[in-house]
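Shown below is the structure under consideration.
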Amino acid sequence: MSALGSNGGFMLLAVAIPLFGAIAIVLLRRWPNVREAATLITGVALFVDVALIACALQSGPVSRLVLAEPIVGLPLELAVEPLGMLFALVASGLWIVTSIYAIGYMRAHHEMNQTRFYAFFAIAIAATMGIALAGNLLTLFVFYEALTLSTFPLVTHSGTSEAKRAGRTYLGILLGTSIGLFLVAIVGTYAFAGTLEFRSGGILDGKVTGGVAGLLLALYAFGIGKAAVMPFHRWLPAAMVAPTPVSALLHAVAVVKAGVFSLLKIVTYIFGFDLVSGLDATVALQIAAAFTVIAASLIAITQDDLKARLAYSTVSQLSYIVLAALIADPAGFLGGGLHIATHAFGKITLFFCAGAILVATHKTRVSELDGLGRAMPWTMAAFLIGSLSIIGLPPFAGLWSKFYLIEGAWFGGNAWLVAIFAVSTLLNIFYLLPIPFRAFFRPAGGHAAGPVARREVPLTCLVAIGITSLGCLALFLFPDPILDLLSRGGAP
Amino acid sequence: MNEHLIVRVVTKMLVPFVLLFALYVQMHGDFGPGGGFQAGVIFAAAFIVYAIVFGIRPTIRAMPVGVVAAMVSLGVILYAGVGFAALLAGGSFLDYSVFDPHDPVRGQHLGILLVELGVGITVSGVLMAIFLTFAERYSR
Amino acid sequence: MRLLEHLPALIVAVPMIAAPICALLLRTRVSYWFAIGVAWVTFAMSLVLMDRVLSEGVIVYALGGWAPPWGIVYVVDPLSAMMLVLVSGMAAIIMPGTLLGIGSEVVRRAKRFFFAVVLLVLTGMLGIVITGDAFNLYVFLEIASLASYALVAMGSDRRSLPAALNYLIQGTIGATFILIGIGLIYMVTGTLNMADMAGRLQGLEDSRPLQAALAFILVGAAIKFALFPVHAWLPNAYTHAPSMVSAFFGATATKLGAYILIRFIYSVFGDDFAFGHMAIAWVLIPAGIAGAFMGSLVAIWQNDLKRMLAYSSIAQVGYIALGIGLDNQDGLIGAIVHIFNHGLMKGALFMVMAAVILRLGGATMAEFRGLGRRMPLTMACFVVAGLSLIGVPLTVGFISKWYLVLGAIEAGLWPIAVLVVASSLLAIVYMWRVIEVAYFETATDTHAIREAPLQLLLPTAALALLCVLLGISTEFTVEIASRAVVFLDVGL
Amino acid sequence: MFGTAIILILIATALVLIRAVRGPTPYDRILAVNVLGTMTVMLIALAGFLVDRPAFLDLSLVYALLNFIGTLAALKFFKHGYLGDAP
Amino acid sequence: MMELYEFVIGHAIQWGAVALLVIGLYIMMTRHNLIKKVVGLNIFQTAVFLVYIQMSYVTGATAPIAKAGQTLYSNPLPHVLILTAIVVSVSVSSLALALIVRIRESYGSIEEDEIVDLDAPKTDAVA
Amino acid sequence: MLSGRTVSLFLVLYGTWLLLSGIWEPFLMIVGVIACCLVVVLAHRMAVIDEEGHPIHLALRALLYVPWLFWQIALSNVGVARRVLSPRLNIDPASAMVPASQRSNAGLVAFANSITLTPGTVSLSVYSDRIHVHALHRASLDELLNGEMDRRVRRMEGEV
Amino acid sequence: MSLALDILSWTMMFGGSFFMVTSGIGMVRLPDLFARLHSAGLADTGGAALLLLGMILQAGFTLVTVKLLLIGLFIFLTAPAASHAVAHAALIGGLLADDPDENRRSNDEAPRG
């Protein structure tokens, strides 16, 4: 295989393209239009590159690419496997959409320091690609930290003291858990297994006692703070101060998905299903995740701030995937992987809508949305689609992932988890559906009384919202490519 | 303390012999290392007692500050220079036997003598310098 | 070339003869250039020595041509070669900036002798590292220490004087303890040659003087090493010394205490005696952990950044002690690598202080307000070195922590592993305070502040760059540390 | 016999130390330290005989010199508050 | 009889060393006057000389001496070591005194607590 | 510069050197000459070569005085020891002026030091014609007031 | 002969040590500074001299003897000067109770030393 022809070269490009994009963005800072064009071109190039990798994965063997060897016998390397492929596809695809949305949003909202914003956004995407294509756990950790650091300027974008506080929480929890727990787990894994490679069936099986394995699993589950298992979820609601495209990045494209993706990948390729399903600790962690699912949903119901409600919704949904990982069987893996994609499309739609509402009406509270359906019909329709998908109702993609999750739980002998999923679905309905209902069926009242003018958002925003809503539908209709992809991974 | 007759006279009598003793220790120190240190201390002590009894100004007149400062450096240069000389003469660092190809022991004698001289000069220079700064500037 | 054979002697002799010559040069500028030349020549020699050690093995050089039991020998093994490179390298890198760096920070009348004293420190430090004779080690230790006290006292801030005196008193106590320990070993073995000592100590584990000797050397080295709770000299000394001096000391001085400890434990006493018989792990590990926490915690509350860095040094010293105390290969590799790596970071950070003091006249939080815009390159170096101090992946700090945690886990000390990373989280707090102030706040005054001059900026950038490069490629540091550990025959 | 002498002198040293500690005037202390010095000179010389190292004699001579200087310096410093010329 | 001497002397010196160590440390820790601290440091260092003097008594402590003809010199002997230690001690004391001189020039005091007070308004408060 | 006293100092120094060296080796003898020259130069610069600093003129007659002085020292040593050790501390401190008839400073110093050297008496203060003496017991003072020591020191100075 | 020498030297050293101890006792027992000065003299003269003589007898006529003599000479020259210096300082300091010089502080006649 020639260097570029191999998917090794493409993998390097997947990390390098957004970095070059970031450099281009900085260099083109004086010409905003050209700058934004650079972002879009980079996004498309990245997506093409990732798609090429996917094709290569379909047809041939997986090659590895060693970038460096910071620790002897423990290189920084890129490799591709189905789950990572899916994540890379979702992230790179949604980046294009998010960029389209961001162009409209940032200009309409008169944000400062847009060059910095786009540059760090691109760097964050590069880090995400690194996570998706990480060939071993060390590499994954490196890019995981890079993602944390590169998103910090985005979270604190406004520079207000509130943003600064949020930034502290964000960084404190994410770096704290990753260095304090995740890293310890990684080093512990290395100490026992002698390697950190992702292998089918795991590397720890047979190397550690149940106690150590349980300890490691717990360290991973809580140490991957981006998965936002309670009590390490606070950063996510705090980061709501950031501009909406950043929220999209956090909630759908990259950050939280990187967390659950890592967890899923670790359970699958580091522990192996056999080891995890036999551990006492697994049950305890399942309980913690289940608690997060329910508790976050309940909190979401009480939130009047739209973005905060969505944030707690994300916390809840993430623990679905954590649970999927802890179910530790192929169906759970399938459900978890699929949920990464479906939740991404659903949640990004919701955030785009929330951002659109903010830009158009400067409203941030659920209670202020009465009657908004008339002013912003397209936006609120999309919001309804996103909500239905998250809840798991047909004809939207969320149905499939929930289906596989429940199947995995049921056949894996975790019947009580089925009950959790059921209750949670009910709660989803309670906190999501009232929003479009208010918008469409309640008259506009309160202080903002008066004739409601149609005030839609910039066209780019609408286009983006349309794409993601259609995505929710498309994934319902054509889930097979993803399922095919995922079924090639997972169990040995 | 100039009015202090007894101390003054005793010091005057003492100083030349202390200086001589310092040089004696310096020159006879080559039968075992360490002579240079003692010699330096004694040499400086002679000046220090003189300075205490007669004051700083007469002391500086006898031993200018510039000379003291240069002594510090020159001693070290002498010390390390001998080592380099040994290197250049084909031995290893501080291998004095190369100084006299016919009689290594004599070479060692010479080498140690010079090295100890360097040590002595430096030590006495340092002590004098410190005393001078100390005495010059400190008052209770 | 024949002169190459004499490098072990020359590397000490050249700065030794250069120091007095430097003092005789009457012009400060002349002695500055002279000192730069000497430092780089020494650095080059240390690299050649390193190369020879790696290719040919340990070099033993008998001073004066006398065989080991009678004369003094200089020994270059991988550990000492690494220390030689660190000490002379830091001197070489830092030296060009000193003339500007000491501009306002050194009392006028001391400037003439500044470089001579620095070379004296260099002589002493290199001597400590290279000598194979215990008493000679003490002599070099005192040469380095005396010159160090003088350097600290040269600070133009009058507080440098009591700081230097305290440093002197406590340093002398430490050195005296070491001297007593050496005397006791001499009493038991009748030799001062360290290799000889080790040979003759076999079977003397129950000798009281020997046990006392270890205790004395442990305490003495700990003081020199600023190990909690005998660290009291360090904060004031580093805070009030001229920043360039702090940079050099921060990178090297305490490290020599660590070196002496490692040298005596492994090359003289043997780890069976030190750890098996005397259980010094019970001193080193608790003191190391306590120091790591205490240093970082106190650093958080500092307003003077030099003081903050000083306390951070105490914390970092704790890690090194911990690594030594783990008594296994990875722990010691971690300690040795951290000796080197921390040198790079602290060197860079104190150089930044020098630059900031040069431009703004102080280095408190107030001066750092808005510095990200005023001195962007300097602050970039600060951020890189700061991230390294935190232990972010792809920096040198990560590598050291990796091995420390690995060592702790291998020793079965999980809680220690967690504490190591948990304490490094505190580093996030104190570094982040600065970064926040520098990038989120605006300067209170409106003076135009220029970027640091090249003589300061280039070395700082070089060190910051090394923080990253040696974090990605660890062939140099870890490889040599591994060899050193193998050579020291640790825990096999 | 050198050992006996050394022990006896050590006893004497201890007695003088009592005076050095008790004072009460600085002159008492200076005097005590001076006597202590004389005793130390003898101790070093005797120790040289005991271990058969004549080089100790140089040491005790040096110590005698330092003792003298020390006493003068201490007196001058106590009396005048400076060691050099009158400020 | 000779053994008794050696025993007594050896142990007297040993305990003397310990006593000096403790006294020196005590003075350094409890005195605020900088000169007194330096005096304490000197007493402390004197303990080392005693340790090295004691070495002379312990059998087997004599350093190996090179054979005549090969070289004139022997491994450093205890007294040389003591001498070196004394030189170091003197240098340390001198430097300490020189520092005290400058401290007095800058602060007008050599009492540690007064010096701390004098700097107090200038020391960094937590922001 | 090259006065008789200077030459004398040089000779005395060189004698001491030879005595200390004990080795009749040409190298060391030459070094000795250099060393003594250096010392003489330094001594000259320090202005210590005068009748106070190098009282060579007293040397010959001192040979007569010193044995007597040593005998006095021995006697008074025993005396003071007895007083110190007697259970009831047999002392009776007193101080008085003792006439001093010496003409030169060197002589005066010799007298004062002799007084101090004999335990039991200490010279407190020296005046041109008298010395203030403190005694552990009045008896020693009376003995000193006899004037024998004064006379012997003056004889050492050379009688007129 | 050698035995006689040994006994003689032993006696001398014992005597010297005796004076040293006596001096120490005096330093503790005697009531004031001026009284203690005499006791200090015991160590400087009787103590030192006898000890040195004892050692000289042990050494025979060698370089060691020369050095011992030198030490003795040095002590005999400097000890009285030091004692006198202390005494004089104490006198000026006004420590002597029955000072016959009534005009000490009136600068009537400054003492010459």
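Letters A, B, C, D, E, F and G mark the chains in the order given here, with residues in each chain numbered from 1 onward.
Here, a residue touches a chain if its C-beta (ideal position, glycine included) is under 8 Å from a C-beta of that chain, and two chains touch if they have at least 3 such contacts.
Note that the coordinates shown come from a computational prediction; the quantities given were computed from them, not determined experimentally.
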**OP:** Compute the shortest path length in steps from chain C to chain G over the network of touching chains.
**Re:** 2
Subject >> Selected pair, greater C-beta contact count between B-C and B-F >> reply: B-F
**OP:** Taking each chain's centre as the mean of its C-alpha atoms, give the chain farthest from chain B.
**Re:** A
Original post:
Greatest Cα-centroid separation from chain F: which chain?
Top reply: A
Original post:
Can you give the whole-Å distance between the Cα centres of chain A and chain E?
Top reply: 66
**OP:** Report, in whole Å, the distance between the mean C-alpha point of chain A and the mean C-alpha point of chain C.
**Re:** 44
Original post:
Which whole number of Å gives the spacing of the CA centres of chain D and chain G?
Top reply: 12
Original post:
Per the centroid of Cα atoms for each chain, what is the distance between chain B and chain G, given in Å?
Top reply: 30
**OP:** For chain E, jot down the residues that touch at least 2 other chains.
**Re:** 71, 73-74, 76-77, 79, 83-84, 91, 95, 100, 102
Subject >> Residue numbers of chain G (touch at least two other chains) >> reply: 18, 25, 37, 44, 63, 67, 70, 74, 77-81, 83-85, 88, 111-113
Subject >> chain F, residues touching no fewer than two other chains >> reply: 20, 112-113, 123, 126
**OP:** Any two chains that touch count here, so list every such pair.
**Re:** A-C, B-C, B-D, B-E, B-F, B-G, C-E, D-E, D-G, F-G
Subject >> Touching residues (chain side chain G, partner chain B) in the complex >> reply: 70, 74, 77-78, 80-81, 84-85, 88, 110-113
Original post:
Once bound in the complex, which stretches of chain F touch chain G?
Top reply: 19-20, 22, 73-74, 77-78, 80-81, 84-85, 89, 91, 93-97, 112-114, 116-128, 132, 134-136
Original post:
Can you list the residues on chain B that touch chain E in the complex?
Top reply: 31-34, 37-38, 41, 105, 108-109, 112, 123, 126-127, 130-131, 133-134, 137-138
**OP:** Report the residues of chain D in contact with chain B in the complex, numbered from low to high.
**Re:** 55, 58-59, 61-62, 65-66, 68-69, 72-73, 76-77, 81-85, 87
Subject >> Footprint of chain B on chain C - complex, ascending >> reply: 3, 5-6, 9-10, 13, 16-17, 19-21, 23-24, 61-65, 116
